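Each of the two complexes below includes chain A, the first together with chain B, the second together with chain C.
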Partner chain A sequence: MGFDLSSFIEQLLNGLTVGSFYALIALGYSMVYGVLTMINFAHGEIFMVGAYVGLYTINRLVDVGLYDSNRILAVGITFIAGTIGAAITGVTVERLAYRPLRRAARLAPLISAIGMSIFLQEFIRLLPKMGEAITGITIGSFTLFPESLQQGVVGFLEDFGGARVKTYPGVFGVGGFDIGDIHITYSRVIILIMSVLTMIGLYFLVRYSRFGKAMRAVAEDKDIASMMGIDIDQVISRTFLIGSALAGIAGVMVGMFYLQIRPTMGFVPGIKAFTAAVLGGIGNIPGAMLGGYALGLGEVIGVQFLPAVYKDIVSFSILVLILIFKPTGILGEALAEKKM
Partner chain B sequence: MPLLEIQNVHAYYGNIQALKGISLHVDQGEIVTLIGANGAGKTTTLRVISCLLKPRQGSVLLDGQDLSEFKAHQVVNQGVAMVPEGRGVFSKLSVMENLELGAYSRSDKAEIQEDLERVFEIFPRLRERRSQVGGTLSGGEQQMLSTARALMARPSLLVMDEPSMGLAPVLIESVFESLIEINKQGTTILLVEQNAHMALQVATRGYVLQTGEIVLSDSVEGLRKNAMVQKAYLGIE
Partner chain C sequence: MEEEKTAMKRLIRLVAVLMLTSMIFTACAPAAEEPVVIEDEWGLMTFTPGSKVTLGVSSALAGAYAVYGQDMLNGVDLAIADFGGTLQGWELVSKGGDDGCEGAPAVTVAEQFAADPTLLAVIGPMCSGSVVPASDIYAEHNIIMVTPSSTAVVVTARGYENLFRLVANDDLQAEVTVDFLRKDLGLSTLAVLHDQSIYGQGIAEAVHGKFAAAGGDVTGIEGITRGDVDYSAVIATTLAGNPEAVYYGGMDAEGALIISQLRSAGFEGVFFGPDGIKSKPTFIDASGGAAEGSYATFGAVGGATGYDEWEVRFTELYDAPVAYAPGSYDSALIILQAADAVAQVDSDGNLVIGRKALADKIRATPFAGITGALEFTATGDLGKVSITVFHVENGDFVDVKKVDFGD
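Right after this comes the complex of A and B.
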């Protein structure tokens, strides 16, 4: 196997693209861990819901013609919709799976979050069937929903979810530019720039805003934060909101980049992003960004030497090695000692 | 009407009873001390005042209003600011950020700025260190920061949990001098201490807490003369 510089550089670009996805998703894990010292096991599914809401939105924009007349606006609206969809899902997960168990043993909310994760996956998968079941209810000879309405509801739910793979329109196309004999697609550039800008925005929010300071205070000590007048529940809820919004952005990006989405799509990126968060130092926001890119690049470097199908083995070997040799990650400090 | 009135408070951790019906009050303008040994229930009393621990029986009144209606984060808005046990400085946040969080519940920007100047005047050290993170301050500086942060809430009642803990004698003296100054500027203080020597010098009245019960309540002169206080808290045989 000869060494080919231009294909290596293309692989690096690929690593940065995938790293952007990992970093955006990893931030949600890390932010939630920061305020709760808990892993949100439903985070991968929140990402998936973002992709589905985005897909539904962009298809409707295709239907009404906006996608063809003003593609940038249509893509913008799609991102906003996917982000809001994921954010609402995240806040709901916090409300249902975490808040009622705030004082319970630590294992309880983790289990309820796994429950939420399974629920969300099955919910999206079974939406059309649920629509049929609910609209098909009859009481004696009386049908609850008239036939036309029934078809409308089922049609809507089929457009939204379902077990089959769904496909985004090819927003980015395959266009790009060449530097020497290296071909760089616009999609990679757009994803990289959008991700980096989003993360810079997040950094400033956490560093300088009133919410950011409150969030860091809650991460350090909830009792003392509440003595300062900080509403802990509100801060936790907003932390889920922001982390989930970032996952929603990643969901729409992944949909537009890989085109195909499915209800199970959150699982592997979820675990990879969790790996990235641990790699960077869980609870640490710059760490999650760094970990995401490090993992993305680590994977493509790994597959320079190994067959591409070994990519996941590379990631998870990295996870195991960090957990054994440096559980605090690259930028993390000894959280365990502080939080217990 | 007293500024703070605690009436017959019983508090538990699970099945462990930490407070067995304590009553005390603090009048406007006073410095009142609550002294007691380790495990007497001092911090528990303050957790009840902060609404972090709900009493199973009894009530806490602030200016006649029952605090049980409030959640922990609303207490500061009612005029009670805490200097918690062990200082509770946010170690990863800068001195400035700590002070800003002290004023988190306020929105009067101009007056917050005034108060910032005022706490920098009381604790000039903090002005020098304002961009340093809390965790790298010395113990004495952290105590100053914790006190200054509480003052940023512009409280009517300042509640302090063992501010002298772990400080060298000269530092303790300066902490207490600043308390007297703060009190002169119009803030009522409830001072929880094990260091009865110092506490009885700055306060006007005091209570002695023993295993969850108030066993004595008197003026500081009275307490200093009390044989039990002398033996248990002042080390005089």
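Right after this comes the complex of A and C.
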């Protein structure tokens, strides 16, 4: 196969799209690592929960007709709902599973995170069954819930979660435009613009806001920051809030652009985003963005020259090579040295 | 101290010897008194009075392909209900085992089923990738398994006498596919994708080989990863060869993503897949409209007497059948009728079924099912099979061509 410029540019765009997802998710890993020096392995599942909340929201908007009458507003509401859903999940996970282990050995919160990851996956998968079981409880001949309520609850939970693959309505379709030989779909452009805007917003938030300064202070030295009057718990909680919100945005985006969502959908992107975070220098915010795009591009370029089955080998080889030769990542030098 | 230890050791030895002898005696005693009436080369299944008789269903009950597994389970449940709910007075139940359409979990499910004393037989596993490793376990325990859906050629090529299947193998499916692409659609270039599973890669390579042998030009063959969402990179390389058609060997969930991403990449040719993508909710509906105009092959369904009436009944009870419900229904009834014919009640009032007797009975009895007239050959394959080509029109599968094999 000869070198074909237009297909190469198309591939670059594909890589940037995938990279956007990796980057958005990687930010959550990196920010949490920054303040807690722990890897939040439940982060991929927070992304998944965001997608599910978004799906439930958009389906209700389809039901009430807003989706058809004002699509932009409906999509906006969906994004907001998914983001809030993921953010609440993230903060709750931190409060329940990580904060009690703040002073424990370093492995404890890590194991707790893996547990949360499995819990969230199974929770979404089994929601309708749990609803059935709980609302079906009988004490003797006395049923705890009337049948109509039971059906309502189970129906709601079936709309929300369950083992089956669920499908978003095709919001953006498959339409696109051509520049010369290069075919570009609108959806890719929208993903790229939205991700970049989100990340610019985040950058300014962390760089200039009061909270951003507090967060950076906590990341630098928890004890000193605490002495300066910074409420450490609150900063950590907000870090989870923002990191999870970004994952929620990515979750809704994945739902809207690839249509399918499932309870296990967080695993692979979670691992890939973790790779991206390490690649860019874990704990470093611009590093996570850079790492996400680098990994996305690396994968598509790899597929150009190698059979497609090697795609994951490419990404994980990158991870291994980085860990061997530059464990601090591309941008993570200063921070990583301190945390050693 | 030392003395105490030796005394202790002696005591333990004595107890052990006593236990052993008592075990030998208890084991021998009844066998010597009671004449054995029912015998079977593969052993017997004994159901005590009041115990249940279980039909195991090994399939994907969670995850991406759960819609197929639930469909199978519903088919088996309806078969049990139609059979009257009991086997000579023993209550019949179905029991699902989630194998996720993968190999390792299917082996676990097989081991769980094998350890269940109430198990009569197994319907499934659904996927060839599950059947191949799990059938070793079933063969070891002489458990009858009838798969309504596993199509890989290798499945019945290993001489297992406990294994039956109700669908045509992938060689035939590939033959029909290539014939349709070359002759009916008149296409000469094809790109092939697959999901690297035993099933997906198997059929993709069969289509690849036959298409080339029929004088067509295969522009490329690539594997994808199940569970990914973005296939745009591999799709771009695939389309670089300008194929008129793309064949995907794999399942519905990835199939829906691939067709929609093929269309967004500007591909306007034919998309073709095997029975793994023949699901309205998870292929057509999940593709956001992109699946319109696609083709899929599917082994023996419909056309048989009573199918339409059955479909109405099934839809009322559960939901429209997705793919393998009719096959699972027939599988369950084949097992139950054969079991009914060979079951005996022994002097203790237990229901006793010989494992080999059951297998032989299934093999020897032609069955008029809702999927057609079913008769097994020595390998466990059907003597006569048919494959239907479906076309997606207005959001549903419409059959456009039916090919019969055998006689």
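Everything below uses one rule, namely that the second predicted complex is superposed on the first by the 335 of 340 C-alpha atoms of A that agree within 3 Å, B and C clash if a C-alpha of one lies under 4 Å from a C-alpha of the other, contacts with A are read in each partner's own complex, and residues count from 1 in each chain.
Operating definition for what follows: contacts are C-beta pairs under 8 Å (C-beta built on N, C-alpha and C of every residue); 3 or more make two chains touch, one makes a residue touch a chain.
Small disclaimer: the values here were computed from a predicted structure and weren't measured.
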Fit-or-clash call for chain B and chain C when the two complexes are aligned on chain A: fit
Which superposed partner A:Val309 touches (first chain B, second chain C, both, neither): second
Which superposed partner A:Arg125 touches (first chain B, second chain C, both, neither): second
Geometry of the superposed three-chain model: angle at chain A (Cα centres of chain B and chain C, steps of 10 degrees): 140
First (chain B), second (chain C), both or neither touched by A:Ala217: first
Partner chain(s) touched by A:Asp231 [first = chain B, second = chain C, both, neither]: first
Which partner, chain B or chain C, touches more chain A residues: C
Least C-alpha distance (whole Å) that remains between chain C and chain B when both complexes are overlaid: 38
Common interface positions of chain A, toward chain B and toward chain C: none
Residues on chain A engaged by chain C in the complex (per definition of touch): 1, 4, 7, 10-11, 14-15, 17-18, 21, 125, 163-165, 167, 169-170, 173-174, 176, 183, 185, 187, 254, 258-260, 262-265, 267-269, 299-300, 303-304, 307-309, 311-312
Complex interface listing, chain B residues touching chain A: 50, 52, 71-77, 81-82, 84, 88, 90-93, 97, 100-102, 104-105, 149, 153
Partner chain B, residues of chain A touching it in the complex: 210, 213-214, 216-217, 220-221, 223-232
Residues of chain C touching chain A in the complex: 61-64, 66-67, 70, 196, 222-225, 227-230, 232-234, 236-237, 240-241, 253, 256-257, 260, 263-266, 282, 285-290
